[in-house]
Amino acid sequence: MLLTKQKVFKDPLYGFIHVDHVAVKKLIDSSVFQRLRRIRQLSGVQMVFHGAEHSRFSHSLGVYEVAYRFLEIPDLKKSLNKREQLLFLIAALLHDIGHGAYSHTFEAVFGVDHEKIGAGIIVTNQEIRQILDEIDSDFAEDVASIILKNSRYPLIEQLISSQLDADRLDYLERDAYFTGAAYGRVDLDRIIRVLKVKDGRVVFKVSGIHAIESYLISRYHMYWQVYYHPVARAYEVNLEKIFLRLKHLIEKKYSFAFNLAPIKKIIENPNDLRSYLMLDDFYVNGLIGSLIYESDEVLSELSKDFINRKIWKYLNDDQANEEEINRIVKQYNPALRPYYLAKRTVENSTYKDFGESFGEKIYILLENGEVSSLKEQSRIIDSLLQSGTKKDPKFFYRP
Amino acid sequence: MLLTKQKVFKDPLYGFIHVDHVAVKKLIDSSVFQRLRRIRQLSGVQMVFHGAEHSRFSHSLGVYEVAYRFLEIPDLKKSLNKREQLLFLIAALLHDIGHGAYSHTFEAVFGVDHEKIGAGIIVTNQEIRQILDEIDSDFAEDVASIILKNSRYPLIEQLISSQLDADRLDYLERDAYFTGAAYGRVDLDRIIRVLKVKDGRVVFKVSGIHAIESYLISRYHMYWQVYYHPVARAYEVNLEKIFLRLKHLIEKKYSFAFNLAPIKKIIENPNDLRSYLMLDDFYVNGLIGSLIYESDEVLSELSKDFINRKIWKYLNDDQANEEEINRIVKQYNPALRPYYLAKRTVENSTYKDFGESFGEKIYILLENGEVSSLKEQSRIIDSLLQSGTKKDPKFFYRP
Amino acid sequence: MLLTKQKVFKDPLYGFIHVDHVAVKKLIDSSVFQRLRRIRQLSGVQMVFHGAEHSRFSHSLGVYEVAYRFLEIPDLKKSLNKREQLLFLIAALLHDIGHGAYSHTFEAVFGVDHEKIGAGIIVTNQEIRQILDEIDSDFAEDVASIILKNSRYPLIEQLISSQLDADRLDYLERDAYFTGAAYGRVDLDRIIRVLKVKDGRVVFKVSGIHAIESYLISRYHMYWQVYYHPVARAYEVNLEKIFLRLKHLIEKKYSFAFNLAPIKKIIENPNDLRSYLMLDDFYVNGLIGSLIYESDEVLSELSKDFINRKIWKYLNDDQANEEEINRIVKQYNPALRPYYLAKRTVENSTYKDFGESFGEKIYILLENGEVSSLKEQSRIIDSLLQSGTKKDPKFFYRP
Amino acid sequence: MLLTKQKVFKDPLYGFIHVDHVAVKKLIDSSVFQRLRRIRQLSGVQMVFHGAEHSRFSHSLGVYEVAYRFLEIPDLKKSLNKREQLLFLIAALLHDIGHGAYSHTFEAVFGVDHEKIGAGIIVTNQEIRQILDEIDSDFAEDVASIILKNSRYPLIEQLISSQLDADRLDYLERDAYFTGAAYGRVDLDRIIRVLKVKDGRVVFKVSGIHAIESYLISRYHMYWQVYYHPVARAYEVNLEKIFLRLKHLIEKKYSFAFNLAPIKKIIENPNDLRSYLMLDDFYVNGLIGSLIYESDEVLSELSKDFINRKIWKYLNDDQANEEEINRIVKQYNPALRPYYLAKRTVENSTYKDFGESFGEKIYILLENGEVSSLKEQSRIIDSLLQSGTKKDPKFFYRP
């Protein structure tokens, strides 16, 4: 059902976010979606790039708007019927609904999966479910299937999550805008002009190959300059260690002064969505702020570091530093090492071209109508693929 | 004392924030200053302009950087000795250190004053004090005097807080950048080029008059399009009513489930800085999130509105709506009216030219060396001054 | 007739210029329109703002694109039938087709009118006429009538030329972009969202009033900071004097070494369009470059000043300078004064509200459906209107 | 000698161009430098990207400003004495002074070299020479030696012309700004922060490697998307053929109606600088406009194509098109083929790393103080170097 009057939100990237459907407006107004305002998009990164204080709410609206603009592409208009178009818009809007505060770190320690949680919320949360049921009774399940990549709607899945999709197009541009990074600019207009559908698959006209190369290189630089900045990583290691100590203490039935109910419940049942929805930045930061006053010294110290931004130190974890690292490790009581020391490696290839599965390869539509792959058509990308994956192993320690 | 190597922070507006002094670096790293990361710059406004999620931390660094650039103006270099230059930089950095979460609303209800609190923190907080004492033993008092506008350093006071100052230059540009508003762009380079000092007073060369006019008109539009957006105001009324109910319940010795210690202490003693420093966005939003579960229904309902962003309704409070407003008022139980209804007026003149006191008038340096006022030199500003103050009285009610 | 595939041109302001119609593409490719590449948009201004080297070609494409975007406004789609929509696009594209090099100065001296010439070209130039005749046999006359404001299509006339139109929206933004001026930014998206049609008249919703105020103030600042920059005016006075001397010499049957045929023909017959079309920047600058070598000393000296950018001097033409100006005037041989001295006044009101004729007033659509005027609805504009017209009289002289 | 007051020019890229020295101001005001206003930076490219109408004048001021900012780099301040700093600024300003209209094409046909001509102008042009002699009597020769890369001042040569220099930094950013290309953005602030001098050689700190990679990839994309756009190349082929026919006709003593004196003189003596300085866009375009009326049909037809922008057709010159190309060639009279057909190949490697000569390699300063090369430190650049040179051979023909 369409709104009687289009609703817009002012956005610093796109000028306006355009909303035409009643359901989309209701979803944005739902408390589950509003909760994304309280979860920042970039965890540790904002400790280095102070401008990057934007939330998953802004990003989710952005992905929705990219999807909205995609729907002006003639091939997509033809390939998707009206219901599928709405499915695409709503899946774009809700693709990150399963995120909690610092969720990548949280997931690693507590073993939850934000995509499964997201699908769970879409299907079972009363507020969301009711809005989607008003469209039709299969809608919620269909949106969830797209988030889970069940291949029920492969074309929409590719548009939302692949090597070149609405999600990435928004976050690269948005994160670049808010950090102030010189990289990350994406020629969205151009990419939209060359996006076609061939045999149910997203392909890009060969004339757009430079825009795609540029996008992949920008992504590469955003990873190495912004997302993988060592100070951001050090901050995330600090956080991970807090979660780890917390987990261990809960397992040991340590008695907490602060109300840990939601976290305890999630440990017992990782599918307790009601508890999960409480885990926004306010809760987690409030929690850590309180943990400073716990009697467990390890937890208290770790929490103080986090709140007062005492950034841990780090060294490249390579042969040149082997001796130095060993020397440092020995200075720590073995019982403390799991909490105060960490070896972590990040790695990133500009682009992966593996497999035939939809959504992983970037396909290029040649002038003669044949479909090729980016790897075959781009000398620059081919050589980068051959150069393999760049890794950065680091040793972090609490000084 | 200078750093052995200049330190920079990436900023989306200025490219870099430049730090040369050891003391400035230490102040930025202090937990009191880091706390500003947890206090958003624009309270209700972010409910309308979702991009505006930036904090007082970003803004404070920005004001510092504007001050840093001011110090390249030949007249300022000459007028301020080395110590005064550092005083200017640090006062710029710390000018908002007394802000808490939603502080304008908080102040209105609980009767505190963020400038006095800021001065108090600078003089008495151990961490800050120690850093400033390392410069010299009068430094903290001097910084505080600038925040309080005691006229000890009138030139620096004008540069930080007047009609055209480092504070406003940063926030207009920054708020425009993050909201995406088309207004708010300031020609900082030009303003810096025309800023002179004459008889200890900031003056602007007549050739820069268009840049100043443009700045004032931008400010006017930012106020009416962004800061005074009715939805933002409705949200702030909601918050104010929560604080009000809270205050009344505390006065009535209501027994709260949530830990209200810091707020209670501030009510007892508005100068309890330690408690005040706990009042960041995490605390206040966490508090309001918990208040939903209090048994007091008014408090609980108000808190639900706030957390779930149920925006209150509003009408222009003018004669045309008088009857309608009276009709609405009558629908509410008189005991609830102080919490569910509000008449609030915002007003704004583009520019005020009153008085002779430093910092209120914008002075113009004519080509013949005489000093005049903006009002006399700008036809456009003169006519705006004569048009008086624009007001927008509104009636807000919980639907 | 539509193109089989949309054609786009990359534009630094709008991303792309979109062309859907065969006729529009043919017009752009015509030699008469391509000739606009050889005529710079801003005559003397580029002597002060070196970035402003853009041509009337860029600007004409820009006005066309603004018109193209206007056609997505629901009210305009409804108010204009398909033929009128194309009429609007083509009139926007061709609105400046009658411009020659430095045409404002040229017109002043030689008594031609670029709008009449433009209409003449549209109706009589074979290349243009044939393209328009392919649409229908009245099309050329209809486009010409819009350029001449004959009120045959009053709505289209307002959209192309009024106080707030496609022409001005493009040139303010474009000139700001290329000069680098901080002013001149226009919130085009917003203006498009509030533009409505009521009783065949362009009106703007009251919610867009800030965007309109901001546009008018920007325009005011662009005039005074950019278009009326005294150095630019001095340069144009120099040019005017060259034309004047040229005219006098032709009248005196002076024998020129350089081929002056086109100019002589235009003097004989101001409607000689074929000759007029030769007057691009290349011809006129080439001409002036050659005039340096003419034996007439006045013409030669004036031309040298122009080519080598020897900017004339100037004083405010006010009482304070009266004596000084008289002193200067006396230093010149009376016979030379008409060529070496000039008093010129520029004036500009932010906005004119006079009259009821379409296109002169900006109409505001109130929430209750009534139509008011900008003057009545905007305190800021009303006060500016009362402040009257700003004038800047200057005395220029060849040093 | 310093100006009593710094002079600035508004620039859309840098805000302001700053001039401190009397000599720099005089050089900018000289007629030889002002002539660069009449020579567009991008020849055929503006036929595709209509925004790219900027001149070598803007670009030359831009390179000067980049140099001006380089001089705030501590290492450069130390490595260059006051005289060398001025030498650097002036060489940056004048580095393109030897360019004429369409000079790359002109050079190819007529066998001149714009760097030699530039050096010649600097040393022998009276106006320029006098300004430089006022600094000291060796200054002109020293500036010329830098343009000619005689290794007299190897550090300055590297800063002006190498793989990463003031010239390229300006033109990539400037051409991107005016074309509207999404590529070409350079992180100038970052590059300035990591530029160091080691053993008289420009090196970049390893922490800046991502900014350099990004710059090289941007350059690569600007070449293939903008500079090597086939339509731009087709336009330049057209021009080349005009020059070629002209040359042949002059050799055959053909009698021209138009004044060809300057070109004839240059053919006789490629060092006739006075004639060369007349060859601006106005002259050459005026010439071609006149050549339309010459009786030589080939010259006339080629000139018509150029003036009316009749773009030639083109095919990839590869095996797939061999037959088609042969078929086309046969359609042309053999006597016309040299004028109406052309095979042209452009090629570009992202970066060349050959040789040890200063200015060709990009050197990287490691954290341990050792100097390495970009190739060794950047996986991405190494793999691109191995991928070799990208070529695009095309067959152009007059349809």
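In order of appearance the chains are A, B, C and D, and numbering begins at 1 in each one.
Just so it is clear, a contact is a pair of C-beta atoms (placed from the backbone, for glycine too) under 8 Å apart; a residue touches a chain by one contact, two chains touch by 3 or more.
None of these values were measured; they are calculated from a predicted model.
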Chain pair with the higher count of C-beta pairs in contact (C-D, A-C): C-D
Longest centre-to-centre distance from subunit A, chain (CA-based): C
For subunit A paired with subunit C, centre-to-centre distance based on mean C-alpha positions, whole Å: 50
Whole-Å gap separating subunit B and subunit C, where each centre is the average of the chain's CA atoms: 44
Interchain centroid distance [CA atoms averaged], subunit C/subunit D, Å: 33
Subunit C, residues touching no fewer than two other chains: 15
Complex contact set, residues of subunit C against subunit B: 182-183, 185-187, 190, 210-211, 213-214, 217-218, 220-221, 224-225, 350, 379-380, 382-384, 386-387, 390
Contacting residues of subunit C [partner subunit D, same complex]: 9-13, 15, 29, 31, 34, 37-38, 40, 46, 48-51, 53-55, 57-58, 61, 177-181, 281-283, 285-286, 289, 307-309
Residue ranges of subunit B touching subunit D (in the complex, touch as defined): 8, 15-16, 189, 193
